[in-house]
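Next up is a structure, given as structure tokens.
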Amino acid sequence: MSARLRNILLWVVALAALILLPQVVEDRYFMHIAVMAGIFTILTLSWNLLAGYTGQLNLGHAAFYGIGAYTSAILAMQTGLSPWLGLFAGGLVAALFGLMLGFPALRLSGPYLAITTIGFAEILRLVAMNWVDLTRGSLGLSGVPLLTPIQIGDFRMQFYFERDYYYVVLAAVLFTLFCIRRLIGSEFGVTLQAMRDDEAGAQSIGINPSSYKLAVFTISAFFAGFAGGLFAHFARLVSPELLALHNTFDVLTMAMIGGLGTIAGPILGAVSLTILSEALRSMEEVLKIDIRLIVYGLLLILTILFMREGLVGVIKNVWARVKGDS
Amino acid sequence: MGAILTTDRLTKNFGGLTAVNDVSFSLEQGEILGLIGPNGAGKTTLINLISGAFPPSKGTITFEGRDITREKAHTVNTLGIARTFQVVRIFSRLTALENVLAAMVDRKHKGPWSLVWDSFFRRACALTEDKEACATADSLLDFVGISKYRNEQAGNMPYALTKRLEIARALATEPKLLLLDEPSSGLNPAELTGQIDLIQKINAQGTSILIIEHVMKVIMGISHRLIVLHYGEKIAEGEPKVVYNDPLVVEAYLGGDSDAQH
Amino acid sequence: MDSLFLQQVLNGLITGSVYSLIAIGLTMIFGVMKISNFAQGDYSMVGAYTAVFVMAWVGGWLGWIGSVVAAAAVVGLLGVVTERLVFRPLMTRWTDIDMIMVSIGLFILLDNLAQLFFGATPRMIGDPFGGTTVDLGVASTSLLRLFCFFFAGITIFCLELFLNRSRMGVAIRATSQNRFAAQLMGIDINQVYRITFGVGALLAGVGGVLYGTLFAIYPTMGALPTLKAFAVTILGGMGNIRGAIWGGLILGVAEALGGNYIAMEYKQAIGFFIIILVLLVKPSGLFGRKEGA
Amino acid sequence: MLNIENLKVAYGKAVALHDVSMRVEEGELVTLLGSNGAGKSTLLKTISGINRALEGRIVWNGKEIQNQPSHLIVNQGIIQVPEGRAVFPDLTVAENLRMGAFTRRDEDGVAKDLKEVFDLFPRLKERRTQLAGTMSGGEAQMLAIARGLLANPKLLMLDEPSLGLAPVVREAIYHVIRQIYQEKGITILLVEQNARWALKVATRAYILENGRVTMEDTGAALAANPGVQRAYLGH
């Protein structure tokens, strides 16, 4: 029971620190980074659900992110739908596309799946570029409404500053984390991991891999779309760039470096890489060059070659050694 | 009693090769039926056909009076046939317990979306904290004698024990018929005896068994009847002792007494 | 027949021949090593920049030929080095996902190193023929583009010679058909990997010079040839060299016609439409064989 | 000539060979018997340098060769003809044969051997330009053996050469194996299903069970041994 207690304590402390953070750090730029780190955490968690837990490499994940962002933005701007509902609507529309992509993806694996998912994202990116009436093309949709204020009795919360969004995104990350933890720990999650480890073995115990893959594609897309909606109402600008390949590559790098197929990994990866990339960006003023992505690429290669379990694996090993020594 | 499984003129071609040729047999309720034959005789192909890994080219398979010839592997399992593999196919990154828990899910009635629903509204926070499910899984691990490895990643278990884990996993789906593909390959003599006991224990609980085995000590000891395949065809069938002395079978195993030189 | 149509077919064949060249490298590497190399287009990018530098140094005709030779050498070497450092260590614990992801890492790295070294300004390779055009009666094109087409053809012909006539070439084909048996023939599998990867990269490098001759050169240009090469390779069946030749020409013509008759804006997506359609019908590609037994 | 001492080989956690010792002397035809999964193919693969030996030594003419890369082992004249007619399907018959001689630099010797091989397998000469993948099972097996001969073997290891072949074709293969052994004088290590025939041609034989050598004797003695039947059909 003490291990469990320690876990709960750890959670409470971490949560308290995260809640108090904006009170300590007042810098708006820092808050901006924190919000982006949160959005990328959700994206990475959702990508990892597919890649890490079912072994399917989706290289078109940014498409779901973009679909969520456009849906939420367009609904708010053209129908006046509450952005709060828009977030979920974005997720649902993305999920619908996920289901759509899931069907052809069922029969494919490896490079075939990778290139099909890239193709899916690229086609949608071109649609976003060229359906000018709806998306204003490459200019993008600017002036996406902010999240509407919440009023409960006398308590009124407005969403204007980065700090306000920080709390929204924190809540969203916790929501995502809760859902994914529940899913992974349940019969559903064990089924996914069984399929990933050995598909024929999974079939032999009655698992129908196709139907599960389809379900995971859909769920993974939902959370990516949800993250996209958050981004839309935070950045207030939605452009076809969101669907571009490099966004998926960023997410993939974060998941890999954090630790594929774990829950802590994507969080660790997204947060540490967002911070790292900001640190590198500030170095740009000194070095006069942008080495951010060079470092990304290098880290990704080195991670796969030398620490396949990612940061989570490293921490586990260090922890085991510390425990072993004491 | 009556037959639980019947195959009628089952045939499987791979390209030009006929791996299983016109094989008909039936397996009685509660029986241990041994399937033997030299390397390449089509034994594993036969099990793959029955378990639905791929469909036969010709012929039918009937299980409990129901035609399962074209059913997929996962459906075949939910109907009550479980199997193990020649080279183990366990879930290496899951623990032994989770391997069994994964197999215990009621897949006949629950698809992916109802499991998604369940994960939020039914079970304990995590499956491994579900006392009832864990108790059942534990009793299965105990039954095959690997309780000690409950929380070990299956990929880290000794090979001989992963064969038992695979059996536990198959039993977790509550099969009426168990297909065992060389359950004792790669085991040493001491482990062999344990494996024989285990198979007999499973049979004693009423599960019918079809077993491929090349270790004669095992197959002769436990089979009620034997079927011999050679070049994909059934060349003998009957009581172990009779089959053992059948000249056709001896010929199949030792080769013909012929040579171009003679 | 409509001359615009024939003109587009001609343009498509010319572009397609370059696609074929880059895709052959990709498909060779896949066939022998089962690696899907997402950095293939970056080898083309490096080849194109090599040409830019050589051409700045030696102009005209000689410069163009010299830059092809230099690109082949530089990119071939780059291929050998990356194979040894990045891909070889993974060959023993190979998984699809790892190989694809490590090549994506390489893609990100090369892309951004190029931005660092070459700057973001697009470059061009000069026309050694001074813009001469050739009238083929029904359609016309520049001498340079026609030359690119023939050059791609000659390169592919040389490759076929190498693969069919030389001892190492046959060994490469043998290895892609049965790695185990190839080892039993005394073929040094690591040497085959090295040469395959070197040749595969070299082709992408030469293809890059042609690509850069037809289109603009910029640091992130590698993504397009990579995606095109994958589309071609999937059309032709992964690992199938003849398939890649046909696949490249088909994609080139389909893009040219589709861009003209359907929608210019979606020209770059035509390849994806085709492969998604093809994969829906035949998961192993148009010219692909059935996989497994 | 070839000495194997206390060899241990495993695939991951599954031990395929425990402590196997055996030898092949120059001019012998040694047969390796054993049921499916006994470890025969594993043993050959380990000798050829495809599988790693965890423990033990493989000594070839006085030199340890275990865990050397396969191409170096082939270079020393240890040639394996793999199981299951593993020819290169999209290469022509001629190209397949050329791959057999991959390690050789003596063009004249290869040409001479090629002629001899064509004498031995006239069918292959007729089908030189045909793709190997289009040949029948028996022809492909002939090609695989011919390909092995072109490597100029000092020791030829044949892995189940008659597996899955029709009886008539099998006889032809047996005939060729005898010719290779008796007329060409090549030392042979043979893995074969057909125990009766294999024991008849073998100078000595080993019986492998579950990754262990359980019997060793001259071919004739084992053929006469009632225990052999038991080794196959039970204890």
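First chain written, first letter: the chains are A, B, C and D, and each begins at residue 1.
The definition used in the following text is that contacts are C-beta pairs under 8 Å (C-beta built on N, C-alpha and C of every residue); 3 or more make two chains touch, one makes a residue touch a chain.
These numbers were taken from a predicted model, which means no experiment stands behind them.
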| item | value |
| --- | --- |
| Mutual neighbours - chains that touch chain A and chain B alike | none |
| Chain pair showing more contacts of the two, A-C and B-D | A-C |
| Remotest chain, chain C as reference, centres from CA atoms | B |
| Chain B and chain D, separation of their C-alpha mean positions in angstrom | 33 |
| Chain B and chain C, separation of their C-alpha mean positions in angstrom | 48 |
| Distance between chain centroids, defined by C-alpha means - chain C, chain D (Å) | 42 |
| Contact graph of the chains (line, ring, star, complete, other) | ring |
| Which pairs of chains touch, using the document's own definition | A-B, A-C, B-D, C-D |
| Touching residues on chain C, where the partner in the complex is chain D | 167, 170-171, 173-174, 177-178, 180-190 |
| Residues of chain B that touch chain A when the two form their complex | 51-53, 72-75, 77-78, 82-83, 85, 89-94, 98-99, 101-103, 105, 107-108, 110-113, 115-116, 118-120, 123, 125-128, 166, 169-170, 172-173 |
| Residue numbers on chain D that touch chain B, as the complex places them | 12-16, 18, 35-38, 137, 160, 163-164, 167, 171-172, 174-175, 178, 192-198, 200-201, 210-211, 228-229, 232-235 |
| Residues of chain D touching chain C in the complex | 48-50, 69-71, 74-75, 79-82, 86-91, 95-96, 98-100, 102-103, 147, 151 |
| Interface residues, chain B side, partner chain D - complex | 16-17, 38-40, 86-87, 157-159, 162, 182, 185-189, 214-217, 219-220, 231, 244, 249-250, 253-261 |
